[in-house]
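Consider the two complexes below, in which subunit A is the common component and subunit B and subunit C are the respective partners.
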Partner chain A sequence: MSAQDLVARAQRWSKEQPWRLFGSQIFILVRNEVRRNLFTRRRIWMYLLALIPVLIILAHVIFDRNEPAGPAQIENDTQVLAGIVQLYYLRLGIFFACMAVFTWLFRGEIVERTLHYQFLAPVRREVLVVGKFLAGAVVATALFETAVLACVFLMYSRFGSAGKSYVFDGPGLGQLESYLLVTALACLGYGAAFLALSLLFKNPIIPGVVIMGWETIAPIFPAWAQRLSVTFYLKQLCPVSLPIRGPLAIFTIVAEPVSPFIAALGLLCLTIAILALSCFLIHRMEITYTAE
Partner chain B sequence: MTSSARQIVFENVSKFYGEVLGVNKVSFSLGPGITSLVGPNGSGKTTLMNLLTGLIRPSQGAIYVLGLTPQQPIEFFRQVGYCTQFDSFPPGTNGYDFIYWPLRLHGFDRDQAAKLTNEALERAGMAHVARRKVAGYSKGMRQRIRLAQAIAHHPSVLVLDEPLNGLDPMARAESIALFETIAKQGMHVIISSHILEEVDRISDRVVLMSSGYVVAEGQIREVRKEVHDHPMQILVRCSNAGRLAAAAFELDHVVEAKILNDGHGVLVRTHDAEQFYLLLNKIVSGGLVEVDAVAPADDDVNSIYQYLIGSDGGPV
Partner chain C sequence: MAVYKRRYAPYTGSLTPEQSRFLVLTRFAFADLFKSRFFVLLLILSLVPSLFFAGYIFIANNKAVQLLLPTGPADMFSVEARFFTLIMIVQTQAAFLLNCWVGPILIAGDLTNGALPLFLSRPFSRADYVLGKLAVMGLLLSSVTWVPSLLLFTLQAGLAKSDWIWSHMWMVVPIVLCSAIWILMLSLISLAVSAWVKLRIVATGVIFILFFIPAGLGEMFNAIIGTIWGRLLNFSYLFQIILARGFREPSRLGTMGWNEIPVPAAWGVLIFVCLLSLVILNARLRARDTVRG
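Up next, the complex of A and B:
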């Protein structure tokens, strides 16, 4: 079959698909999942996970309000903020929140014995995966982007006009944009990984711990292997490098730098590849609640 | 449209859960009307329904519903509604939303979905409690709201797993009337139930299952005729019952002719009902006996179930 035939077939297939229906189904799935996942008491600990740094910074703002607020202090706080985002949010907060949100998308429905309603709806299972993934992404991204925004606001607002100038006339706004991008990409990358794990394993916690170990030690592996970790791409996009030395530098060191565009694109490609795996796995899934 | 495109077809379907048998080598095809799946617990009724609707996949064989398979979910689930036995609901949902949002997934716009939701709620008798949380419903109400969801999009095939469970007698009668109405509209209704008397009244055909096998399948009378081990029972209400009993005893295939306690009839057990009817015609035309009514006494689902499966659930 020639390339021309393949293209023609792909075009024909694309024309036959009810894309509008898929779109509206995804919208409905996202809406229902967000309501189910975001506005629920079960997620309170996740809000705490996102808000802990915000509360610490708030305490810092209140209790250290008499400290001198010169450029050196702004520089120092910028490093602290970079540490919060890179070491806490990317390594712990977003990781564990995504683990909870994305593994629950399907596993939760199995535990609650409601997944059959999804499977009996006139929805392609791939559309179901995409809808649920986007819902999880909306929940995690909204929560952590809000938290990062709050951190940045609190961190620089205490410096008054100097802080405002750092953000709007200095590097602050660019750093904020990078942090928001990194946060969103982290939610997508980890989210896709945990969604696939939940379809592969009945109890995804142990594989989740394995992923955490892999994300930590990936920098000591060859370059091709590093590309299979989410943090490889995220580290490239972080705007402030942390002055960490010794064994802990493994968390921040960038062994083979690539351009931010390539890093973002690479992570998106990794996410799509894992989602494609999830679409394959969902077709094998059966409703046998008693066996779960 | 070909005949298979109007039928539900099982082609040599088997399902194994590891080494445990779900159903084995099931082959049949069902036309429109009401079909009852009958069998003891664990006989494979729910497995068969889950296979039919794609909730589980067959280990072997193929299933077609009106020429479609669950691998074409958009077309397939427009035609199929399934009221499962799982008594669970999305947390926090109310009766209205439980029906409305799946309709939106079908592609109905807001107005159409609202109209169909209200119609389904009315048909299931749940309109007055539609805005209440499902978690606060009684078992019967939960059963009916699931039924409402299954019929809301006007499917051509309605699959109902123990739909009469938990319903009070009034709701049961209403549900049965609803199934009959749906079947009369030319739809396929497949019901599994252990309330045999009620299923018997409305079923056009029966699929008897035991230990994962289909023991018998077809129209109830035809299935009954195939059960040669047990003579057919025929009840004749008539005058001069003694004369009829004596004449019946002269036939080789009649194994019993019992005069009823009130003396106005005979219960005949015979291996050849056709021959007995011929004899009866002869006696009636000879003016020896006046017949008020003739009716088979054991060509119902309950009797067939007892004969083929037995009360312990094992094949007879």
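Up next, the complex of A and C:
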């Protein structure tokens, strides 16, 4: 079969699909999942995970309000903020929140014995995967974007006009945009990975350990292998480099820099590839509630 | 005989002695655990580092093998306090992973399926129940922490010169004591979390997270406030400074010139975590359950 035939078949297949129906089904799935997942008691710890840094910075603002607001102090706080985003949010906060949110999307339905309702509905399983993934992404992104925004606001607000000038006339606004982009991409990347692994493993500890181990040791692997890790792309997009020495430097060092556009596009491609894998895995899925 | 004529007849067989009654739970829990192939695999993998350490001890005491190897520093093969500290750190991390897997199975299942009232309706107290579950964790985690460490110590004592054992006998105390506090803390945390959360999947995740998120938050607190006390939330670090003190070694951070948390504070936090876990267990393990509508 020639390439032209393949393209023609793909076009014909694409025209035959009821995309409008898929779109409305995905919209309804996202709406229902967000309603179920965003404002529940079970998610309180996730809010804490996202908002504890904000509370610590708030305490810092209150207790250290008499500190001098010179450029050196702003520089120091910029480094602290970079540490919070790069080491806490990207490595721990978003990682574990995504582990909880995205693993729960299907495993939670199995634990609550409700997945068969979704499978019996006239919805393609791929649509189910995409809808649930988007819902998880909306929840995680909204929460962590808000937290990062609050961190940046609180960190610079205590400097008064100097802080305002740093944000709006200096590099602050660019850094904020980068942090928001990195946060959103981290939610998508980790989310897709955890969703796929939750379809493979019953227990979240295995995907958790596997991804955490991989993301930690990926920098020592060859360049092509590093591209299979989420943090490879995220590190490229971080606007402030942390002066970390010793073993912790493995979290921040960028071995082969690529342009921010390529990094963002690369992570999106990785996310789509993992989602495609999830769509393949969901077809093999059989519900055995008794095994849980 | 007609069915309605069957009357209640009390059990007349021999009773398990009261002191060892909790071991019934332990026995059945172990039987369940060893049905899982993944658990057996994890247990074997947890013991693999000990084999490497045993190999190292063999080389350290064998001049012929050392001659075959490329020359390194003079003290390259020294089996002293630092070596046993490393063994303990590696084995306790393996114990942590094992604990994440096993801990949530022990209580969460009983609570989810409403089995606790059945246990407690027998001549079996809540303390016995907790003790039985703790014994599972204690025996299991001991088998990957102080037991292999003491075996390695014995191996070294057997291979080294005759006076080595007497000059290093003090190391038995930190091996056992430090393992004991780590095992107790891991076991109580995992039992408390599984009693609190009830769902096994969630409990596993929470136990795993409990050792990473507080550590990250503590470091962030240190960076923002400019203090060192945030490290009190890093349980692995606290254990390592207790271990370093036990083995009369400078800890990793101390050698880097960083300020350190005092050892009594580290002990205090670990004991506090154990007590807090016991309080949670006391609150959650009841022979009744409130079901929210």
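Quick note on the criterion: the second predicted complex is superposed on the first by the 292 of 292 C-alpha atoms of A that agree within 3 Å, B and C clash if a C-alpha of one lies under 4 Å from a C-alpha of the other, contacts with A are read in each partner's own complex, and residues count from 1 in each chain.
One rule holds for everything that comes next: a contact is a pair of C-beta atoms (placed from the backbone, for glycine too) under 8 Å apart; a residue touches a chain by one contact, two chains touch by 3 or more.
Keep in mind that this is a model prediction, so the values were computed, not measured.
With the C-alpha superposition on subunit A as described, subunit C and subunit B fit side by side in the combined arrangement. In the superposed model, A:224 lies in contact with neither subunit B nor subunit C. Of the two partner chains placed around the shared chain by superposition, subunit B is the only one that A:32 touches, whereas subunit C remains out of contact. Between subunit B and subunit C, an angle of 80 degrees opens at the CA centre of subunit A in the superposed model, to the nearest 10.
By the touch criterion stated above, A:53 is placed in contact with subunit C alone, subunit B being left untouched.
In the superposition on chain A, A:289 contacts subunit B only, with no contact to subunit C. In the superposed model, A:13 lies in contact with neither subunit B nor subunit C. When both complexes are overlaid on chain A, the residue A:123 reaches subunit B alone and has no touch with subunit C. In the overlay built on the shared chain, the residue A:209 is in contact with subunit C alone; subunit B does not reach it.
Between subunit B and subunit C, the minimal CA-CA distance in the chain A superposition rounds to 7 Å. Touching subunit A in their complex are the following residues of subunit C: 97, 100-101, 199-202, 204-205, 208-209, 212-213, 216-217, 219-221, 223-225, 256.
Contact residues of subunit A toward subunit B in the complex are 18, 21, 24-25, 28-29, 32, 36, 40, 112-114, 116-117, 119-125, 286-289, 291.
On the side of subunit A, the complex with subunit C involves touching residues 49, 52-53, 56-57, 59-60, 63, 80, 83-84, 87-88, 91-93, 96, 99-100, 103, 107, 111, 202-205, 208-209, 246.
Of all residues in subunit B, those touching subunit A in their complex are 17, 50, 53-57, 73-78, 80, 82, 84, 86, 88-92, 101-102, 104-107.
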